[in-house]
Amino acid sequence: MLHKTARENFDLQLASLISEVKDLGMNARDAVRVSIQALLSNDIQAVKKIISEDQRINEKRYELEIKCIALIATQQPMAHDVRLLAAILEIITEIERIGDYAKGIGKVAVRLKDVKIDDDWQHFLVSMTNKGLVMMEQGLEAFILLDDKAAREIPGLDDEVDEIYNQLADHIAHSYSINPSNYRQAQCVLWAAHNLERLADRVTNICERIVYVQTGEISEFDNPEIAA
Amino acid sequence: MNNVTVGKIEVRNVNIYYGKFRAVKNVSISIPDKKITALIGPSGCGKSTLLRSLNRMNDLIPGSHMEGSITFHEIDIYEKSVDPVEVRRHIGMVFQKANPFPRSIYENVAWGARINGFQYRLGHPSMDEWVEICLRKAALWDEVKDKLRSSGLSLSGGQQQRLCIARAIATRPEVILMDEPASALDPIATLRIEELMRELAEEFAIVVVTHNMQQAARVSDFTAFLTMEEDRSGILVEYGKTPQIFTNPVDSRTEGYITGRFG
Amino acid sequence: MGEKQEPLFTPTLLRRNRSERFWKILLQFSTFIGIIILVVLLLNIINQSFGYVAIGYKVSPAEIVDPGQNLEKLSVPQLAGIIRQRVSPGLLKQLEKGKTLEHYSQTELVKLVIEKIAKPEIVQTWSFWQSLRMREEIRREVSQLPGTRLVFFSWIRPDILISPQSSNPLTAGIRTALLGSLWIILIAMLVAFPLGVGTAIYLEEYTGDSTLNQAIRTNINNLAGVPSIIYGMLGLAVFVRSLAQLTSGAWLGLSNSESANGRTILSAGLTLALLVLPLIIINAREAIKAVPDTLRQASYGVGATRWQTIWHHVLPNSIPGILTGSILAFSRALGESAPLVVIGASTYITVDPANVFSRFTALPIQIYQWTSRPQPEFRNLAAGAILVLLALLLSINAAAILLRNRYKRY
């Protein structure tokens, strides 16, 4: 994508920006992984690290936003370049949200610090997490390569995550109806799962942006199965 | 592209030659009324040649001839029975370097109108009023109203260019052609010219050739991208609405040019 | 690093400065030589134009009047008496044609007496330099000659402008020649200017660069270099001989006294017009070419026709250049003598030209004629006439400069 052109300076800056966005995304991904681990193994120390990491993610995001706007102002980007920079502004917002989700899961982990989560619920959470993390990795990879074909495939996993979430929600509801005293664990686990489901949605958004950058068309990857 | 409504000027399969050399190859384009159409492209791609063919200024260059048709009000302006002088009254021109006549400001505006038969009739403006109207439309009246008799050459560069615009609209044209009108001006004067172009577009169809892509992006409604082929003739690559051309052009050559990644 | 590198630039400043000084001195020197030559020329002419003149009389005034009387104080009847006594009957009759001698004024009679009876003549002349340096010797010399008086004479005096030709250097003037020159130049101007400028407009604005046109242009340039005497021969063949009926005025019944003859002012004017025409064309073409093309483009852009563009923009812009060059060309023509000689300028006329069909002479020819006379006094006269010619040329050139500056303002 980047060839030796009359805009070498601009291209170098773009490449550096893209690389930093990917790093930011990877940091968010790691934060999510650590937060789920902390939840499942009741590790409070890890949660502290997650919170400070989230702070760093937010700062980094603002830094990238400023760089992005500076490039827009100074380089008069057109066509592909301007779509890319606009997309980057959106993507770093999405990544920052994902970081917030990691923090949210960490807070849940603190609330459940003395509680061991039921095994079958754990199973659901792990499954959702793995899929979500794969989505993130694949999404960031597609972003680096600006591969819109790959980007189109990733939202399919979002459907699977949604499916697992629904199953988990049913499971929790059923369990709660049997044993109402389990209220707190149920609520927290549901909240964590909700964050994971939203994470998958965010990655879908990122993929939509990648497709926009390459084709100039904005389209939503709708999930027709989810009715309401 | 717009095929539904007929444009103010319809260019169809036009090839323009200087002697044996083909400068413009097979261009077809529709110039819409009351809009600004920008012609962009690298040097030598025939934009200025194409522009000048729209009001038969190429006739002044010996050895220049063209094939194809350029119609204005459904009349081919290159037909034998059409007088180029008449064409130029209806399709005016503003040049790259401001070239006011070495006469008074008043005369600069009035002369063109006068030789084209401007007459005072009841209910119509007098020459003095007409000069004022044209200078107002060119956003120059306030600056020169007290010195109409002083020489046009005593004005600054930007003012001179606005005077040339006033001169062009004094013949009551329907189309104004502009060949890089702001390329010799400083940024502030340039922006004023662009402002002026937007105002003028409410009344005239404007075609502007510019090297400055940002200017084309800022000011035009439609943009046509021309480029030079290997035989050094210019072709039309893409034509469309300006926002679309600059955010999502169809042709990779257009993309390459506007992102600055070639030429 | 640390090695000594070969310097990229060798110092040439000294050599360049020396070369600079050398050229400057050489150019100054050549200018100096040019100025010296001009100054020498001018001084030489001035030298000839002023000086002591020893005037003798054929019949000394002392002999005419009674002793003790002063000629200039005599009364009219006395002067009339003297004239009747001394003058030939034929001359008397001529003098009394309009009125009798008594009706002349006193000054007129004195003048007549001096002119026709005393008949002053020049015995000797000295140049200005000689007059200054050898004043005493000259005085002594003259006092030894009877009946002569010494006068410090300026050969360039108003009289020569109004006196016609004569064989007596004291009374000769350039009037006929001056009038002839002016008439001829006028005709040349009236013919050559419109033709030349029109041709230049056509060649520059209307024609392209075809081979035919290039050939025309080259030929016009060559014509400018043709020796002027060839134009004289052309004029002789065409205007004087072939078109004799036209140029002699026979068609108007105005032919001059000899047999209808084409050696007239008209022929001379037309010949000089031909001479000057290529210069006017070349000069006008340059002036028109110098008009920037952007001006024409602007004019065409508002829908002007080609002629409107030329008349309202190109010509006004090029007039200063055209006028300057044309005036200079005409001032050159003023000094041409060879073609006029071939055409048949008269070398001795005393009568002012009456109309374009008269015989003529011109200032340069008069000067030439005077210098070829044996009497040295005529050379002094010639110097005076040269100064007049120079003054005329200078004023024409000044007019050209003034005109150019006036039109340059807008």
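In order of appearance the chains are A, B and C, and numbering begins at 1 in each one.
The working rule: a contact is a pair of C-beta atoms (placed from the backbone, for glycine too) under 8 Å apart; a residue touches a chain by one contact, two chains touch by 3 or more.
Predicted model, so just to flag it, every value in this text is computed and none were measured.
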{"item": "Shared chain contacts [chain A and chain C, defined touch]", "value": "B"}
{"item": "Most centrally placed chain, judged by C-alpha centres", "value": "B"}
{"item": "CA centroid of chain A to CA centroid of chain C, Å", "value": "103"}
{"item": "Gap in Å, rounded to a whole number, between the CA centres of chain B and chain A", "value": "52"}
{"item": "Euclidean distance of C-alpha centroids - chain B vs chain C, Å", "value": "57"}
{"item": "Interface residues, chain B side, partner chain A - complex", "value": "213-214, 217, 246-249, 254-255, 258-263"}
{"item": "Residue ranges of chain A in contact with chain B within the complex", "value": "3, 5-7, 10, 76-83, 216"}
{"item": "Residue ranges of chain B touching chain C (in the complex, touch as defined)", "value": "55, 57, 60, 62, 85-89, 92-95, 97, 99-103, 111-112, 115-116, 151, 164, 167-168, 170-171"}
{"item": "Contacting residues of chain C [partner chain B, same complex]", "value": "208-209, 292, 294-305, 308, 312-313, 317, 410"}
